[in-house]
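The two complexes that follow have subunit A in common; it is paired with subunit B in the first and with subunit C in the second.
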Partner chain A sequence: MSKQITIGPFHPELEESVYFKLEADENRVVTKVNVINGFIHRGMESLVTKKNFMQNLILTERVCSLCSNNHPFTYVLAAEKIAGVQIPLRAEALRVVADEVKRTASDLFNLSMLTHLAHEHDLMKDTLNTRELMQDLKESIWGNRMDMSVNQLTGVKYDLNDETVKTILDTATKVEERVLKLREDYNNSTSFKDKTVGVGVLPHKDALEIGVTGPVARGSGINNDVRVKAPYSLYAIRPELQPKVTLFEEGDVFARAMARFGDILEALRILKDVVSNLPDGKTYLEKRPHIPAGEAVVRTEAPRGELIYYLKTDGSQKPVRMRWKVPTFTNWEALKVMILGDKVDNVTMILNSIDPCISCTER
Partner chain B sequence: MSIEEFNNAIKNKIPSGYELKEDQDSYGNSQAWITIREKKYALVVANAIKAFKGRCVVATAYKEQNSHVVIYHFDIDGVIINLQLKTNDSTIYSITPILKSADWAEREIREMYSVEPVGHPSNDRLFLDYGLAKGVLNEYISLSKMQMGVSDTDILWSKVKKEVKL
Partner chain C sequence: MSTPPVKLFRINTGSCNGCDVEFVATAFVDKFQISSMNVELVENVEESNLLVITGPLTSKSESFLKKYISKLKKPYAVVGVGTCSISCGIFRDSYSINGPIDKFIDVNVNVAGCPPRPESIAEGIAKGIKVLELKSEGEETPQKIEQILIGFEAPKKFRGRMSLNETICTACRTCETVCPSTAIKITKTQNGFIHNIWHNSCCYCGNCAFFCPTGAIYSTNNFDTVKLQNEKFSDLNTGIINLSTCSSCGESYMPPSSGLLGKAYIHNNLKKLNKSICSKCRKEENFKRMYA
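Entry: the complex of A and B
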């Protein structure tokens, strides 16, 4: 006999508010999935049209905390494209530094939450302790553990010196050693693998059809990393920085976790390379640009996948329309495929494996 | 895939014509901007995207006087194809039956702008509660009005009154 089970919208195992209405059979296997959204909808796309271009830098950084650097980064790329501005090379490099630091911290946070939900508390503790090194780095250089306030129109708001470069290099080396050890521990933990291998499978065909991105796509054998497919910023100027993407065919929770390990190690490689070869020059253009009438579509690779911004302007100080789509917007729909036919007890872990960012998605 | 190849794939299939613009960012990434005159030919473009194994990344809508502009943003292996169309009767032809990746994008346009994607397989709301009227982005709505149910009617209070037993 089928049984109705609800999870959420507020539940200790959910990072953010989602409401699952499931039907399960007598073996607690999910036979029907219904996901109800909208608990964190804030009407931000309407709000940004009431703020000027400078104020929107602050607002976009607050769409969500985990990818808080990517939103203003992509937004300024769109505004700069309309204005026809080319920023200094040093600013391009500094933007990439901040981005890869955020990616490492974000992916490590997701992995620690995954091990928490899999009840692997030693792995969780080690992963969070490693992430803490990145948090301390953010705090020491940018003065904040989440919102780094890096981007501005025509450049960045911070600079690095020999001392801070050394701090980044030391931290990256230390984190890299620990991440390699962690990846080995995840692979050697039979209990973790028992709980994650073959769980929440997203087949390659479904992944293509739904259009998933980021580590979710990479876990199902698809490489649509924007840094590789449509490189921007320093990834375009120095193609050797483009990540060597790790792909898996299994499409399960374990594969997505391993894809994230690949992302973290590449992020650390890029980070070390960029800070060791920082170009000289200014960090921003002193002349504040006029944003003329126009429209632009720009995208970047956020920790969870492709982030796209559409910006339309009319020559005034405010956007006419601004629209953005975050990776979870499409990855979320894939949950229905992943959860169907799996155990009810695995639902929150499967949700976590897409690294959902619901604040970003609902805006 | 190049933009020229994509243009070749659609050029004989849209009798009422279209405009094609190409732009390139400072990093060398090209994008196509296709504006169709008749909205039904969005289906032709969607079929071509599918044939090239592309996906719908998202869609944008905005209001322009008495009509709505809808822009689909597609991706084919790193190249963005933007498809722009105008609708005067608040309906568009849903491309979700062709490209599943357009599902949420079209549903969001429906609830934010009250533009109906005709033929969309789902009638469910995406983010907004059924108590809120469709098309909340068509006009500026103050917070106090939003809390009253975004409507000229008393949706919220009728709901409350029904539940209150005097």
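Entry: the complex of A and C
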């Protein structure tokens, strides 16, 4: 006998609103998955065409607060590609610094949500407290805990001095120690492993077929990190910065969590490398560019995977069209493979394991 | 233990998830003092009596929000977290936004910020609990509640409430142009300009401060953004920029600010330049000096 079960749209275990209609058999194993989306649709693609290029620096940031640096980053890369602007080397480095700080904080938040949903309270508190170190760093240097407001056309809005570089290095070292300890704790916790190993499996073949990106792909043994495959910004100028990602073959919730740990450690390594070798020079070009008519496509690696921006301009102060493909868009399809045949009680945990960014996807 | 815990339920009506993430941090990190407030997170909206709502209310969420509201039992208090829950903020002009939420439910406490600091969210919840207590005793919601949580500080660089230095502002409207959430409005009057910043629409991005040519608009690290609903529209920063009278012809004119002149004439003595005459008289004087 099958039973209809609904989860959402407003549910304490769901960070963002999404509506699940599941069918399950008597053992509470899911036999049919139906996901209803659209709760976070704010009409972003229409909004960006109503605002000018300066306003869009901030509006793209509000697409999603967890990858809030990657959106403006990719947007300015696209605008600069159309304008044909070469930005100073120091600005490139500062952009990457902000990006890696954000990546660390975002992945740590996802891990703490995962342990929260697995009811591992102590691990969750530890992870969240480690994330607080990054949050305090962001607040003391960039002025906000989530939206750093770093990028602008032709450069960045902030600069680092010896004191702030030292703060970043100290925090990165401290976080690295704690992350290594956390990874050990996750591996040693049998109760956590019981709940996550073999749960929500995405086999390598399905992962390839669906075209998943980011840590979800890495958890299924695929490396398609944009920073390696199509390096941009400082990753292209200094290839030694490109992350040496950790791959896992299992494709379950636990493997994806471990892939995120690999990402965090690489991000911290890149962060430390860049701030210790900051190039001199200006942080932005004094002359603001005129954005001529044109089209550009740019892709970068967000904390969740590949982010693609398409920008079309006509020489006016506002974009004609802006469209983006976000990592969750492809990873979302994988959910149907992951959830099917698993327990109903695991659904929110599996959903969390792809690190869904619904506000990016539905925008 | 005599008083039952306050039962909190969170609804995300379409936020960018910043407020929701910060809410989780507020709830589970000890330093934000939520654990001392006797609050319990509940699974069902029916049991709850403190509602935390984030997001600008997308059209698809609207019917569900109404359904959830109808299940609530009185007395209850509502806390709106984030600028977009108060005034839709940056998303206001979109076709798919039906908010703000106070069209559909009586909001008691507003926490502005994009996203607000966990300290502010905790303060908002504390004020919500206070309102709830008063409501269950059958009392009216007060006009103002004093700061409840104390001892929180913000770092010096924190982007808090914006402020304006009227003496160096020239009402050039750059801030109005770059502000993504239309929080700044400059109105022309007979004697000059009125510069308003509405803190409940501001997304605290610092764009205006970055692009301001004279540095007149700046962010303070003041994060006191938790206000009651009756203060929603009065929470403004108003600056009055006066016109000057020309000492030569007596006409009113907008004097160039020292900040702007300092940018234009980096090698000159500003005191000599900044005679209080309008641009028309200055041109005339220059012409006479050179050709007469």
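As a working rule, the second predicted complex is superposed on the first by the 363 of 363 C-alpha atoms of A that agree within 3 Å, B and C clash if a C-alpha of one lies under 4 Å from a C-alpha of the other, contacts with A are read in each partner's own complex, and residues count from 1 in each chain.
In this section, contacts are C-beta pairs under 8 Å (C-beta built on N, C-alpha and C of every residue); 3 or more make two chains touch, one makes a residue touch a chain.
Being a predicted model, the structure only gives us computed values, none of them experimental.
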Next item on the list: Give the label of whichever partner, subunit B or subunit C, reaches more residues of subunit A.
Entry: C
Note to self: Tell me the contact category for A:Gln152 with respect to subunit B and subunit C: first, second, both or neither.
What the structure shows: second
Note to self: Looking at A:Gly43, would you say it contacts subunit B, subunit C, both, or neither? Reply first, second, both or neither.
What the structure shows: both
Next item on the list: Based on the superposed arrangement, let me know which partner A:Asn224 touches: subunit B (first), subunit C (second), both, or neither?
Entry: first
Note to self: Looking at A:Ser276, would you say it contacts subunit B, subunit C, both, or neither? Reply first, second, both or neither.
What the structure shows: neither
Next item on the list: Mind working out whether A:Thr6 is in touch with subunit B, subunit C, both or neither, as first, second, both or neither?
Entry: neither
Next item on the list: Report for A:Leu128: first if it touches subunit B alone, second if subunit C alone, otherwise both or neither.
Entry: second
Margin query: If we overlay the two complexes on their shared chain A, which of subunit B and subunit C does A:Ser359 touch? Say first, second, both or neither.
Written below: second
Check: On subunit A, what residues does subunit B touch that subunit C touches as well?
Finding: 38, 41, 43, 46
Notebook entry, point to check: Where on subunit B does subunit A make contact in their complex?
Noted result: 25-29, 31, 53, 55-58, 60, 62, 71, 73, 75, 77-80, 82, 100-101, 103-105, 112, 125-129, 136-137, 140-141, 146
Checklist line | Complex contacts: residues of subunit A adjacent to subunit B | finding: 37-38, 41, 43, 45-46, 81, 86, 208-211, 224, 226, 228-233, 236-237, 297-299, 306, 308, 310, 312, 320-321, 323, 325, 329-330, 332-333, 362
Note to self: Per the contact definition, I'd like the list of subunit C residues that touch subunit A in the complex.
What the structure shows: 9-22, 24-25, 28-29, 31, 41-43, 45, 55-56, 58-61, 64, 68, 90-91, 93-97, 114-115, 117-118, 154-155, 157-159, 177-181, 203-207, 210-211, 219
Margin query: Give the list of subunit A residues in touch with subunit C in this complex.
Written below: 9-12, 14-17, 38-44, 46-47, 50-52, 54-59, 61-66, 68, 109, 112-113, 116, 124-125, 128-129, 131-132, 135, 139-147, 149, 152, 157, 357-359
